[in-house]
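I'd like to ask you about the structure that follows.
Per-chain numbering from 1; labels A, B and C assigned in written order.
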Amino acid sequence: MMNNNDRVEIRKTHKLFIGGAFPRSESGRTFEATNSSGEFLANMAMASRKDARDAVIAARTAFASWSKATAYNRGQVLYRIAEVMQGRAEQFVQDIQNSEGVSIKKATKQVDTAIDRMVWYAGWADKYAQVLGNTNPVAGPFFNFSVPEPTGVVAAVAPDSPSLLGLVSVIAPIVMTGNSVIAIASYKNPVPAITLSECLATSDVIGGNINILTGDPADIMPWLATHADVNALDLTGITSAELITQLESDAAGTVKRVRTAPADPDFYATPTLSRVRAFTEIKTVWHPMGV
Amino acid sequence: MAFDYAPAPESTAIVNIKSSYDLFINGEFTPGGGTPFTTINPATEEVLATISEANQADVNRAVASARRAYDKTWSKLSGADRGKYLFRIARIMQERGRELAVLESLDNGKPIKESRDVDIPIAAAHFFYHAGWADKLEFAGYGSNPQALGVAAQIIPWNFPLLMLAWKVAPALATGNTVVLKPAETTPLTALLFAEICQQADLPPGVVNIITGAGETGRMLVEHPDVNKVAFTGSTEVGKAIQRQVAGTNKRLTLELGGKAANIIFDDAPIDQAIEGIVNGIYFNQGHVCCAGSRLLLQESIAEQTIESLKRRLQTLRLGDPLDKNTDIGAINSREQLNRIIDLTKSGEDEGAERWSPACAIPDKGFWFAPTIFTNVTQAHRIAREEIFGPVLSVLTFRTPDEAVEKANNTQYGLSAGIWTEKGSRILWMANKMRAGVVWANTFNRFDPASPFGGYKESGFGREGGVQGLGAYLNVEDPS
Amino acid sequence: MSSLDAQAPATHKGLHAFLAGLPGIDQVGAEARAAALGTRSIKKDSKLWAINTAISMVDLTTLEGADTRGKVKAMCSKALHPDPTDMTTPSVAAVCVYGDLVEAARSVVGDHIHVAAVATAFPSGRASLAVKLLDTAEAVTDGADEIDMVIDRGAFLSGNFSKVFDEIVAVKQACGTAHLKVILETGELKTLDNVRKASWLAMKAGADFIKTSTGKVTPAATLPVTLVMLEAVRDYYQETGTRIGVKAAGGIRTSKDAIKYLVMVNETVGEEWLTPNLFRFGASTLLNDLLLQRQRMLTGHYSGPDYVTID
């Protein structure tokens, strides 16, 4: 890394983000994050199955209160994340340039879109229930309504590229709908995820609601896919057909909901509501109408 | 002086059961290549008919026929035209309603008053409801041009044979898919009559294909590479196997599996209607209901008197000939299922719960199980955790609303729940906290095509019915 | 036993609290239960039994301003021998007339069947207590052995439960040995919750029978309302060991309807109530339909209006 003066830099230690704190991996292991030319960027914590297990506990604990937060409140929290991200925009641009080797123009576009994406989901928080839920005109003297509810704890894998926008596109709809998430950052380009973790730690996010692990999804995801206290999987960042097959099969053991991304996704395009649908459960309630 | 109700049998003259049935592929009845099997009347153990078994070649034919129909005909029709076919089918189901009801009771064992008043009318209603969606999909919230998936493989259980067929076929066709459906091996007859109805409605050949067979036929159907979508209703065990089977295939999947629903009665419940709700919840359809209220959670302060009232009420349940219009409890669908129920209820006794049934004259032929209550049940008992799928109620108690919520949600299932209280705010508070896809408050076991049905957790995923149910059969272009 | 026994006048608060503490009723659920009971199919011997039982439970009624001694006497003959072509036909349980025609009724029926008189400013109940008690006493003196009184619905709906209670107690006293039916007039009470409350109030105050309606207001007897009353009677029996009777009056015109009520009695309170001592139909046209159906069951062919008497 070039520094512009003679000062010896303080280099950042990149740790996991679990339960609102920054622990090292309990395994003590690390891996090297490199830039697009293969040069050393940073040592990343290599998340183990025990880290994943701890993340699930933190996620489930946070879910208890996050799922009860009002829609308004959830929108506020997501918007604050966007505010904090905006304040760190320069750092993000640098991270992306370093990791992905793209131009400052492309990196800036990615950061802008990521922040805008967070704002987009913030705005959905108190509206998606009006689009996905409704009353149902049943043939009898009953009031019948359907509401979307969070599924619980979601284990998600972010794509390698675009590293920040992809991570935000995965996390935001999960959290917006009242779920907790254990997100595994891109193995190849993990650095922007660290900056995002720092943004989350300084926002109003409940500790444990969003957990970000760095490491190899092929190592960690099978543990999460079979974990009985994980309700759903988002396999967006996984490109290996074999790994997808294995994880979908693992998920069957506890009937988890699984979402995979389409081939060749375009994260810059405005999303549909399919992620919001994927991580919500529709609950339908009946009550007689009488005197 | 006793008021004995004389037998009031519904005549079976209206049905014409053939001695043997073929598969229904490409609009025609065609023999299957597998080993034929029989379907019996579980109330008498008499053989009703011989049924074809679909082997691999038959499965291939059926899927090919569905694919051809999709490519050449069904996907080319306008939504309005698809809707018209569905309206025709709905109408014929109503016209032949009595015939369908009698056939359903003969093949399944359920009381005629249930098949006549619940199964068949709601099945027809599903076709009516979905017929109207066929040309309005762009308004349903799935984008401006949602597409069908293609060929849907559908496997249904034996507890509500024709109704489950309606829940599967109606939305699939409305959204533009074609189907290959496998009814349960103990209850194929109404599905095969439905095939005739498709012919009567002039439904284009191959849009609906019905292949009969058991687990192996189902497995082959799910495996078939040219199937785009799999929809399964049945046991959680088989559901998991199917989810494993389709892993990595890009086949869309919805599952509607088992349940162990809590029916929660507070001390301020409208108690007489709550008793009806309990009875309806677990004894309707002999308890062969995924969303049955099989765990009664009684507020401890009213437990004793409620159990007494419940026992009194059970004395008026009439068990017997499913075709008798006064029968409340029909036959258990198969010897297999009966043995399962017997095993689990024995475990209830072994684990220390107290068992009670009203005096019930049990016919000597056929498969029967008297309505049963277990009291002094705790969460740790097998009969409080495992789905029995029979007319057996486990009674537990709770002290506070929080405890009721905890106990109700403490299960790997999450299909339905019942809440009985006169206090409005408590109804909504409890409904909010139930981790279940269907919450019945001051009522139970109500179904409607406009009302989405499906579970949380190991009760499955995906919804059937309502606008939400359409999503399972539509392809939305997601950019990411 | 509660402090609400018939001897002491009811305390407003105690009675209020008791009635407010009764379990609520979900109307949709209650109506569904009543309808489900109505799907029982009663055929052959059970149908004949039901028809004969229903006939024996009829309070044959005429309560018109235009009633005369002649009209009452004609009706009473029919009450004794409903079907002159078949003397095996059971007689009805009672005749029901206005108080001033009791003597005419008694002169025809003798001691063979009951004579019920409506009293207490029937049907409205809007008169002073003194007038109501005199109405009752005179009917009893003239030979009525059953009194069908009306409750004060105005008092009930304005929450003055003690007044309603105390009046029933007083009328029961005026009845002497006559048995008292208390008409709730459910069509004016409107809600099933009110029906349950009024049922309990009447039973606690000393009613021998609770009765749905005067027949002068629509709706009169309905299956859901009667269901609720039967449930109250069942619960009262569980609590006290005493069996109170139920009379469904007004609007029951066909045998089919009557049989539905009997099924409901059978499956709600039990077969002990399937006797005229504990269940009655207040009706006029119902009897002829019961007779027509009885004739059809016994002869095998459909009967016609010329084969039953109009009186």
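The rule is short, and it goes like this: a contact is a pair of C-beta atoms (placed from the backbone, for glycine too) under 8 Å apart; a residue touches a chain by one contact, two chains touch by 3 or more.
Not measured: the values here are computed from a predicted model.
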**Chain occupying the middle, per Cα centroid** = B
**Fill in**
Busiest interface, counting C-beta pairs, is A-B
**Prompt:** How many angstrom lie between the CA centroids of chain B and chain C, rounded to a whole number?
**Reply:** 44
**Asked** How big is the gap, in whole Å, between where the Cα atoms of chain A centre and where those of chain C centre?
**Response** 70
**Message:** Based only on mean CA positions, could you tell me how far chain A sits from chain B in angstrom?
**Reply:** 37
**Request:** Two or more other chains in contact with one residue: find those residues in chain A.
**Result:** 140, 142, 288
**Numbers and ranges of chain C residues touching at least 2 other chains** = 26, 28-29
**Message:** Which positions in chain B are in touch with at least two other chains?
**Reply:** 442-443
**Complete:** chain C partner, complex, touching residues on chain B are 1-8, 113, 117, 268-273, 276-277, 316, 325-326, 422, 442-443
**Item:** Touching residues (chain side chain C, partner chain B) in the complex
**Value:** 23-26, 28-30, 32-33, 39-47, 49-50, 53, 231, 262-263, 266-267, 271, 274-275
**Prompt:** What residues on chain B touch chain A, complex-wise?
**Reply:** 125, 141, 143, 236, 239-244, 246-250, 255, 257, 412, 427, 431, 434, 436-443, 446, 448, 450-454, 456-461, 463, 466-468, 471, 476-480
**Message:** Quick check: in the complex, which residue numbers of chain C touch chain A?
**Reply:** 26-29, 31, 190-191
**Message:** Quick check on the complex: what are the chain A residues that touch chain B?
**Reply:** 131-132, 134, 136-140, 142, 144, 146, 151, 169, 228, 231, 236, 241-242, 244-249, 251-255, 257, 260-262, 265-267, 269-274, 277, 281-288
